[in-house]
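Chain naming follows the written order as A, B and C, and within any one chain the residues start at number 1.
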Amino acid sequence: MDRKPILSIEQLSKHFGGIHALKGIDLHITAGEILGLIGPNGAGKTALINTITGFYRADSGHIHFMGQPLIGKSLHEIGRLGIGRTFQNIRLFKRMSVLENVMVAQKTFAAHPWKAFWGFTQRSAAVDEAMQWLHTMHLADKADVPAQTLSYGEARRLEIARALAGYPALLLLDEPAAGMNETETEDLIRDIHTARKWVKAMMLIEHDMGLIRSLSDRVVAMDDGRKIAEGSASEVLDHPEVQKAYLGDDE
Amino acid sequence: MLAGQIVNGLVSGAMYALVAIGFTLIIGVLDKLNFTHPEVFMFGGYVGLVALPFMPVAGAFVLAFAVGGLLGVLTEWAAFRRFVGGDARTTAALSSMALGLIVTDLVHKVWGTEPLRLPNMTGWLAESFSILGVNFLNLQMVLLAIMLALMWGLHHVIARTRMGRQIRAVAESSAHAALLGVNVLRVNQAVFFISSGLASIAGLMLALRADTVSPDLGLTFGLKALAVMAIGGMGDMRGAVLAGLGIGVLEALMFHLGWGRLGELTVWAAMILTLLLKPAGLFASGHHGQEQRV
Amino acid sequence: MIADHLFFTCINILLAWSVYAGLLTGSLSFAQGAFMAVGCYASGYFTAKMGMPMLPATGLAALIAAAIAALVGYPALRLRGIYLILATLGLTFCIRVLLENMEFLGGIGGFGGMKGGDLPKAAVAVALIGLLLWLLSISPLQRVFDAVREDDRVAAALGIHVTAIRLIGFAAGAAIASVAGMLYGHYMSFVRPENFDVTLSIYVVLYMVLGGVNNLYGSVLGAAIMTLLPEYIRFLADWRPTVFGAAVLLLLLFRPDGLLAYRPLTALARHGRTPLRSEV
């Protein structure tokens, strides 16, 4: 398997007004791995994803994805390059159906308005492909309901299906298990394992340490905008600085 | 002549500023566009038409402020209160447009569609004086003075009174303000009262200066005030004043240079330039215009 | 007489659709007056002064309108929707002032000489544009539009060029309005810049709101009601703005989506599939 990093971040910094969210982060993700990202609330984990994907503009530093610099690129350029993500606060297209949420992510149409207009001729092929993603995430029976009627667990899986439908090389998941109970979390683990087959690498932000242990090949811990530890799940979770950062923090 | 034109421009600018302040206050506090505002401005002139035969000009101003303020409270109730949530901005804008249509139509029905003359001004206000050979009207000075007084008054209210603090709190975040015990509804009503009152006064000012009132002025003038607001920065009162005065003078200069009706385009050209170069507004402190781009 | 009413109903349907096209991508535009004027004057110039036949004149005028839309829209569409509202209001106002100052187009006095507009042509225009909008509604592009409208940043993260999509919607709306303008001008034979003002734009937006913003049929309903009813009910004609304004106010309070608040093509019909029973 390829050991080259598909995403490498150097000295990434971002601040808003008084808050210094990222203070010179160095990080890389190698092809084939799932990188777990942990840290207390406010550590900058979501800010990191937002800066990688273009939701935030970095103040300084470098990000390279498959050889391409990401700094300065717009949201849609980064999306087309092959980075998919989910959102901590779930941002589905609420009034569209579950199936439509996945279909809109299909790059043939998303990136080409002209093709999209005449695309009604390829409707069944597109629908079948989207249904495949729903099957993968065990949402096929909800295909035609509006996305806002989904349960929490279903909504999160839909976000993953939607992200996958664009065939991303890198998938970034932001606290997919937040608010889930045990069964839902197990379903999620199962579905993330499946998703793994479709992408080259994944980064997973999570507070649920069980999830981190069972899914991550490698873990990075952040606190206060900085990387404080890196290694295997056990190494990082037993690291004294990591434990200190979480002191008083409920899991 | 030039000096006279500039004073003229300042007076126009003062009116733009007053109306723009109203727009920008409501954007800043409620984050919505109030399209009934131009018609309240227009109505101020009609308050003058009705009141001036019976009372001195000063009284007419007070009455205009009161009537305008009440119209503002009515607008808040009819077109803004119900709408919260995602599409609220659009719905409120459309609602206030519909309300504006009603106001204009009622004015048409009562006073007709043609411009009407105000009763002739007599006394001190109609006179003029000269400095260095340039003629100035007493009226112009009075209008400018009124504008300055209103600006100062508004600043004082916002910066130093309890209501002003509450207004600023709601402008920051209505949710947080509510948690802190602020009665958001009262604040909204106050904001509408103030902004509409100011617009009404501006309408009376225009009517006095032009000697006529007309139902069409609302949209023509009011839209320009919208552009002034955009130039000054949304939600930024100081920006609205500076932009208003600036545009007033600029327009006067364009007319002076002989551009005629094309001078009307000045404000829109300025707005387009602002959107292209500094979308947050030329004078804005910037907090309303951050992560705007997609 | 009824042909007259129906003709103007067609014009208003087209104008309402021009707003709808922009609204599909989340852009509320008040530029209908401006683009109607562009379509009217441009096509009128081509037919009356240059002897071009109607069809190519219309096409050319529509292109001009779309080009102006792209030019004006580009700075405004990248920012918040509120800026587009301002820019389009300003555009309508400015186009009117410009036309009043262009003597070769008749200036304030007006421009005339075009003819040939009639109900059959208007009906054909409505049918064709309606067909295009319907095709759009069953195509993947509709979903792209929906996504841009629902959450433009997430849509962008999925690879959608949001500004381009917004420009498409806005320019399409401009082209539709220009067709309406062409028909209007060639029917009236004589127009003045004051016919295409901000009030017109506001009315058209409110037609669409009245009928329903969720689908293309709402515009038909709203335009038809507000154009035809006043012809037959005297009271409505005299008090049109008040009744209209009050109707829209009440509607927005109780049914913010307009009279027709449903999406006409359910997911089932749109995807041409039978509901899932056997699939899992």
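Criterion: a residue touches a chain if its C-beta (ideal position, glycine included) is under 8 Å from a C-beta of that chain, and two chains touch if they have at least 3 such contacts.
All of these numbers come straight from a predicted model, not from anything done at the bench.
Counted as hops between touching chains, the shortest connection from subunit B to subunit C is 1.
Taking the mean of C-alpha positions as each chain's centre, the chain lying farthest from the centre of subunit A is B. A comparison of C-alpha centroids places C closest to the centre of the full protein.
Between the CA-based centres of subunit B and subunit C the separation comes to 30 Å, rounded to the whole angstrom.
If each chain is reduced to the centroid of its CA atoms, subunit A and subunit B end up 48 Å from each other. If you average the Cα atoms of subunit A and of subunit C, the two centres end up 40 Å apart.
Residue positions 294 of subunit B are each in touch with at least two other chains.
Shared interface positions of subunit A, defined as residues touching 2 or more other chains, are 74-75. The multi-chain contact residues of subunit C, meaning those touching 2 or more other chains, are 153, 156, 162. Listing the residues of subunit C that touch subunit A in their complex gives 135-136, 138-141, 143-144, 146-147, 150-151, 153-162, 164-165, 168, 266-268, 271-273, 275-276, 279-280.
Those residues of subunit A that touch subunit C in the shared complex are 53-55, 74-76, 78-80, 85, 87, 91, 93-97, 99-100, 103-107, 109-111, 113, 116-120, 123-124, 126-127, 131, 135, 140-141, 143-144, 162, 166.
By the touch rule above, subunit C contacts subunit B in their complex via residues 28, 72, 75-76, 78-83, 85-87, 89-91, 93-94, 97-98, 100-101, 152-153, 156, 162-163, 198-199, 202, 205-206, 209, 239-242, 244-246, 248-249, 252-253, 256. Residue ranges on subunit B touching subunit C, taken from their complex, read 27, 33, 78-79, 82-83, 87, 89-91, 93-95, 97-102, 104-106, 108, 219-220, 223, 226-227, 230, 234, 260-262, 264-265, 268, 271-272, 275-276, 279, 292-294.
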